[in-house]
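Worksheet: one structure, shown below.
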Amino acid sequence: MIKRSLIVLLLIVTAYILYPLAILPPQDNLGNAAAAITADGVTDLGAANLVTSVIVSYRGLDTLGEVTVLFLATAGVGFVLFRKRKSDTADTEVPRQASEFLQTGAIFLWPYIVILGIFIIFHGHISPGGGFQGGVILAMAFLLIMLAFPGKALPEGFRHAMESLSGLAYVGIAIAGLAIAGDFLNTRILPTGQTGSLISAGAIPLISVAIGIKVGAEMVTILAHLRKEEA
Amino acid sequence: MTLVSILGFVLIAVGLWGMLTRRNLIKIIVGFSIMDTGVHLVIVSLGFIKGRTAPIINKALSAGDAPSRAVDPIPSALVLTAIVIGLAVTALLLSFAVRIYREKRTLNIDDISELKW
Amino acid sequence: MVNPLLMLAVALGVGFIFAWLRPYAKTAAWTLLYGALVFGLAVSIQWLTHFVSGGVSTTVLPGGFSPPVGIALGWGMKEAFISSIVFLGGLLGSIALFKTWRDTPSAGPVLFLLTIAGSIGLIMSRDLFNLFVFLEITSMSTAGLLATGRHHEGAVSGFKMMLVTGLASVLFLIGTVYLYRITGTLAIDQILVSPALAGTAGFTASFLIIAAILVELKIWPANGWALDVLTSAHPVIAALISTVHSVAILFVFYKIFPLLPPDSLLIFTSAGLMTFVSAHLAGLRQDNFQRMLAYSSVGMMGLFVTVITWTSSVYGHNIPIRIESIILGGFIITHLLAKGGLFWVVAHFKDSEGNFDITRVGSTTLGGVIITGLILALAGLPPFPSFWAKWTLIREIAASSLPIVFVILLGALFEVINLFRWLGRALEGESHCAVHAPPVLSGIALFSLGGFSIGAIFLGWFPDFNISILIPFSGLIAAGLVAFLPNRIQISISILILGLAGFALVPGASGIGQAYTAIILGSGALMLLTKMEAANKDKWQLPLIVGTVLTVAVLGAVHTALEFWTSWEMMTAVSALLIVRGKNAKKSALMYWTFSMAGAFLLLAGLALAVSATGQTDLSKVFAGAPSLSIILISLGFLFKAGVLGVHIWVPDAYAESEDDSTPYIAALVSKAPIIGLILVFYYAADAFIGPFEWRVLIGWIGVLTAFFGALFASFQEDVKKLLAYSSMGQIGYIIAVIALGSYTGWVAALYLALHHILYKGLLFITIAGVISRTQTSLMYKMGGLIKRMPLSFVAVLMSIIAISGVPPLPGFGGKWMMYSAFIEAGWTLQAGVAFFASGVAFLYLYRLIHTVFLGMPKNEHINVKESSIWRLVPMYIIIAMIMGIATMPKLLLEPIMNLVQTRFPATMHWEAANLISSLGSWNGNAIMMVTMGVFMLPLILLLFRVRGVKRVKPFNIVYAAEKPERPETTHVAHNFFAHYRRAIGVIALPRATAFWRGVAEWTDTLGDWVRQWATGNGQTYAVQVLLFVSVLYFFMRQTAL
Amino acid sequence: MYIATKAFYLFVSIIVALVWGLTVNGIVRKIVARVHGRIGPPVWQPFIDIIKSNAKRSMIAHGVMFYFGPVFRFAGGLGTYVFIPAVFGSVVFENLSFSGDLLLVMYFIFFGQLGMALGAGEGGHPASAIAVGRGLAQMTAFELPFALSIISLATQYNTLSITDIVAAQQAGVMSWTVFTNPLATFAALFALLGMNMHSPFDIVIAPQEIPLGPPTEYQGSLLGMLHTNRGIFVSAKLILFMNLYFGGALNLPILMVKTFAIYMLSVVVGVAFPRFRADQSIRFFLGVPTVLGILALLIQ
Amino acid sequence: MKSTENKIIHPLENAGVPEDQRHLYCDASPRPYPALNKYVERFLNWARANSLWILGYGTGCGAIELRPLLTSRFDISQYGMNPRPTPRQSSVFIIGGYLSVKTLKRVIRSYEQMQNPKFVVGLGSCTVNGGMYWDSYNTVNRLDYYLPVDVYVAGCMPRPEAIIAGFEKLKSTIMAGQAEGANEYAERFDWYKSNQKKIIKDWDMPDYNW
């Protein structure tokens, strides 16, 4: 009871601390950074989606870190849940079959979801979307399969290769930026092209692709790890 | 102060309450997630300017108009990163919970305090 | 120059592909892994040398956009230094982990590498949100790493860690976005200059960020999670978290704390201090070494926060680079290598069940040396970097805030007590433990630590330090290196080392110091002869003895305050190690260590205060201009070390429990260190010690009371070594009292008494050590009648007790005569009375000593006891010859002493032929010797006429009320010899000081226990604590900021 | 030549002191006997006792230190005496007082006691050790008021030289220390009671309990030497007190009168009081006499 | 004189003491000490006679008669006599009455610990012939079988005046140089010892108590 009251008290105090922030009036003008980006973003990078510009290029290092975090989560989950197989019984146990609705639906929906994912990845720089969003959608496609057909999954080796190589590709593009344009993660190593067209915005689409593959592969891996535990 | 930010702060409070009072590890993680979502809402709310549009240059928004008509793109970018990170943290927390349950057959946080003093 | 971001990129890239590559190309994968670390290290060091040689800091802009739109990464000397540290720690850690990694999943090394990469990001990034990302990278990767080593505790603590850091990161995130909202940028440098920061919202947002970082920095009381993490993690991982990760976060703190107004710095300083003290206080109660290290790590973080915020509050943003690099650099290097080294030691010696027994570490000599070095390095002892850091830090802080100095020193005291306790346990392993391979990696760490330090000295970072002060250290090592040679060669070499040191040190010294150094070295060499007797079982003993003698001797050859402090610390450490080598000496060595360190810290505080107040480095000038308070502190430090009444309780145990062969050095030589210290202080400190009250008088009273109680306690001892220990305490008391007189006669008496104390206390301990080695007991009532078996030893003891008691004609009388003359001259008549009483009481223990050991009834078990070996007898009789020589011609000795003292005080005594005339009376040592001989010979000759009729009878031929004695044990009056005296005035000899200090210890212990129970082990509670910490901190901050 | 003369003077001085000391002993025994209502031994009985002891044909010794004990003791008595100037202004009785001052005398007293204690210790008799323990303990106690008194004197006269102290008291009876510094004098006289080991402070040699204490194993010539020492040591102590507190002596008769009078003090106390236990006597000396001594220091 | 000095004195067996304690006891036999030059000896005997220090052994009833001697009624201190608490320093041993076997042992030990010359005075009939205890199973009848006695003071009990007379007798004997009991004891040591051991069955002392 004391603990509860303490927590209530602490929440009130926290609210008190946060109060000066919460009452800030909504802004009606862009801050320095936002103003500069909205003004020069298109000319700088050639990407129509300024949010993607920010994600991939202006604050590309954040994103590299973000990808790393996701990768870490994958590795961490695998590492935490790792156990030496005691016997093969766990593997030979036949998992419960999913319902027919799910199975049929999955087979039906799977290609569309994949296509949607790829679309979102590739159009991240010109419309809402991007590597993360698309990657997650891709992962959902495979999740659907995993739910519908327990025991079937993307081959582990393939997933690993995707994870590693896409990550390497991201780093490689970043280093290429350093080598070619003199700045790490500089996306202007390729021509910016016509804003709004698919092939534009320098290396942003390439990075989006790398991110998309990586995110997709990692989400699948995390899910695979967690699912394995059920058995 | 916008409705979204208020909602965000309420979620933070709710999540915090869940995190600090629930005994079940999974519920704690859920609390964390709620709190995280609240933070994301707050972040998003900060970038929003009433009457403006998304910062995507297309037919609706020309490049020249962007500074005066687009909302702040940066919080959107930040929130994306924050969401992914939140997801990663949640995943890791869940895997710890799984591991703890596997080895101790309990999900009660009071039962896993043998490392003390 | 390589772009520093490449380090990060390479690490990330290798991290991404390692797991995939490993099954296909094992060697390539490992090469890449280690290559990435080596690459990073090389790049960092390259940049570091670039910056050290004058390179300008740069800013790295990934993507090519500068703030506010892009992210700016800073890259300068500090960053390069920290990143070198990070890569070095990572490299060493990964080497230590290689064996574990070989048969576990690839995630381990990957997470490890990414922790390093994340830390580099933390170090470089100057963008708030970017910092958030890297914070998450490091905390996720470390949390994942906790699963290394298959143990569910890792998962539990990982959960706690994620919970708390998750909460902290939410705070951080809210603060970050609101700062963005307020200032329109995320770049720290731009936020700092933004006017919007000043408002309430700016303050709150900044506060949230910094509070989050403080939580990540493990600031008390929000650090329970960190303790659990560091306890449960694989030790190497714990080292990684505690060093690399923490240092990186510390650097984040360093970057962002200016967000809050400067007035709040004191709050940070206090929080840091509280962490420092509470961690070490709680550490006192640990019986798990790794958890103790965890507390130590947490404490270190507190100290870092203190140092950073405090220097900033003093110097603003222009902290002198040398101070910053010595203090922070020194501590960080030590933290990395010493604490890391200790964690690696744990990893190295853990058995398959995960149990760690610290005694295994000491099972080999090398292992013992390594853990000793590491612990000494961590404790801030010379020659390790933390020593210089400590000195500089305290000196700097003393200039402005003495209370902080005391708090820091209190925490440091807890820390060193703690560390030494574990060291004692580790060293026990030598005797009863199977041999385990020494931890080579930690040894390398230790070696490089020493290297850093020596390098800094050679670089001239300490202009007030002469490298010759480290001679004892090299002597110790040299003597250690020859430890495998046959005993006698080894001892000859040791004596040679002492001689060489004498050649190196003595000419550089001057005045009293010179004489002191020469005398200490000479008597040390003389005493070393006794060790020729038998081969040494303990390989440590001889080097430590050489080290002890040298460190004590070097005190006379110092010129600057820093040099003095250095040699003092070396002396403390080496003598403590010498004591801990005793069979059951763990506890007493700890007590010695505790009191010595307490004294040393008082000394440090005083010296630091004096140095900063005078702005001088030269010892003479420092003391001359020192404020009264510093003189008081310094002399208090010396009094602690001297074991005066009140703090004497370490004396008997330390002497009694140390090896019999080591005791003479401690009793005769180490006890002189505070004496020379006091003399130096009062020599140079003109009249500063007459402050608001007569400090001298107080010391004088302490001195005589020490003399009295020392003698009284000695009278009630059953253990011969304890008796001698209390006797030493008493003799030191006299010397202190006469030094405090601050007069010509007093000082001549002090030097004379000190010299004699060396001679006869050395003689006594050598002799008694011989007796103990023959009789195999140190309890006096178990001896008796040994005069028949060991007549030469008897004569030696007889000589020394006559000398101690001050009975003419031996030279002790001269000392007493000058002492009383000095007291009466100065008008200290009551003190003279107490001193006289003390010297009367001294007769009690002296008689008891010689009676119960040598006279009375011999015991059956000692029937075949032999005289001490020739190697003992020779030094004994050399000393006796010296005593007799001084007795006959005191002028030879006194004239130089008087000339020395004359440089400070106008002479009040003079010679008329062999007659020493004081203002009160005269003393003719020569004549007294002759007269005594004469009056002794007269009756002797008379009696010799009758010697023919004398029948020599046996011990039991006594009149025993017409009975025959039953057994020697029941006939020998020895146990509780002065029962009647105890009954008369024993009430004042009750062990009150012991009770007092025991009370202090128990209360401290209880407090520590209470503090450590704060860490309940419940992750949720930790989260509540974090919130509580943030709330409380907020209200303190508000007070100052708004 | 100087040395030979000095040696001769010294010899005379010692013989006089010895004879006087033993005679005083004899007189006191006679007086005590008369107080008891007895006839008492002849005055010269101490001399006969010494001759008789030396006339013992056989002797035993427990060891070298046992044998040296009386030598130390006697040397201590002799030394104490020769460092004190016996008669003020006399060449013959100046002794060897140039060797040192009051402190030397105070410490030389210990010389004999220490040696005796060692010899007694080697004797191995438990009673000896017990008695030595008591003696030393009691000594620490009575030396304290004595030392305080001496320190008081040293500050009063600003010297530690006995000759100078005596010289300072030559201005008439009222310049004696006993009148100029009565507190110090009384403190010292209390101490003298202890030093003389007369009742009530004779627990050390309690004959019935611990047969004579330290000398219990001594016999024959060794005992004779101890008895001889008693003569010279008593003289030395009394002369010291006379010099310090009672104006010294200008010639031998005055010396005899004064020393006899001082000795009578402890005799009177001795026949009037029963014996203290060791702890009682220690507490006694640390009580009133010490307070007197401290007052003597503080009042100056 | 020379002959007695050079006489080889065989070490004593000391069979009565436990083996591990024998090294604690002197194992030499006593030896007689010859008188010095006649005139010197006469002077010394005068001193001995006028400084008789008494070791009182008061287990018998005779001891009660010693008290008046020491106090003001008779005051033997006027004759130079004095009680001493230890045999080492005493020269005359007063046996205050009958001796049981048990006390005889102590008497012998004390006597042997006195230094030469030493004298023994037997008080009362019991020391002469056993007196009223002549047929007791546990008392000694004749003291001089076991110790050389210089003077007997007969009576049961002898009055203090008689004891003083006995001392006067002793004094004249000493002055005459005839009180050589100590030497006699040494010379006839074996005889005395065998007599003593005959009576004392549990002989647990060294054969000669130095």
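Chains: A, B, C, D and E, in written order; residue numbering restarts at 1 for each.
By definition in this document, a contact is a pair of C-beta atoms (placed from the backbone, for glycine too) under 8 Å apart; a residue touches a chain by one contact, two chains touch by 3 or more.
Computed from a prediction, not measured in an experiment: that's the story for all the values here.
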**OP:** Note the shortest touch-path length, in steps, from chain A to chain D.
**Re:** 2
**OP:** For everything except chain E, show me which chains still form connected clusters by touching.
**Re:** one piece
Subject >> Chain occupying the middle, per Cα centroid >> reply: C
**OP:** Tell me which of C-D and C-E has more C-beta pairs in contact.
**Re:** C-D
Subject >> Chain of greatest Cα-centre distance to chain A >> reply: E
Subject >> Intercentroid distance (Cα basis), chain E paired with chain A, Å >> reply: 120
**OP:** Round to the nearest whole Å and give the separation of the Cα centres of chain A and chain B.
**Re:** 15
Subject >> Whole-Å separation of chain centres (CA-atom averages), chain D against chain E >> reply: 36
**OP:** Averaged over CA atoms, how far is the centre of chain B from the centre of chain D? Could you give it in whole Å?
**Re:** 99
Subject >> chain A, residues touching no fewer than two other chains >> reply: 7, 10, 14, 18, 24, 27, 30-31, 33-35, 37, 58-59, 62, 65-66, 69, 72-73, 76, 80
Original post:
chain E: which residues touch two or more other chains?
Top reply: 33, 86, 88, 210
Original post:
So which stretches of chain B touch two or more other chains?
Top reply: 16, 20, 46, 74, 78, 81, 85, 88-89, 92, 96, 99
Original post:
Which chains touch which?
Top reply: A-B, A-C, B-C, C-D, C-E, D-E
Subject >> Residue numbers on chain B that touch chain A, as the complex places them >> reply: 1-2, 5-6, 9, 13, 16-17, 20-21, 45-50, 54-58, 63, 66-67, 70, 72-74, 76-78, 80-81, 84-85, 87-89, 91-92, 94-96, 98-99, 102
Subject >> Partner chain C, residues of chain E touching it in the complex >> reply: 17, 20-21, 23-26, 28, 33, 86-88, 106-107, 109-110, 113, 204-206, 209-210
Original post:
Taking the complex as given, what residues does chain C use to touch chain E?
Top reply: 858, 860, 863, 949, 951-957, 959, 962-965, 967-968
Original post:
What does chain C use to touch chain D in their complex?
Top reply: 785, 787-788, 791, 794, 798, 801-802, 805-808, 813, 816-817, 820-821, 823-824, 827, 829-830, 832-833, 836-837, 840-841, 843-844, 847-848, 850-851, 855-857, 915, 919-924, 927-928, 931-932, 935-936, 938-940, 942-943, 946-947, 949-953, 955-960, 971-974, 977-978, 980-981, 983-985
Subject >> chain D residues touching chain E - in the complex, by the definition given at the top >> reply: 29, 33, 36-42, 45, 48-49, 51-53, 55-60, 207-208, 211-212, 215-220, 223
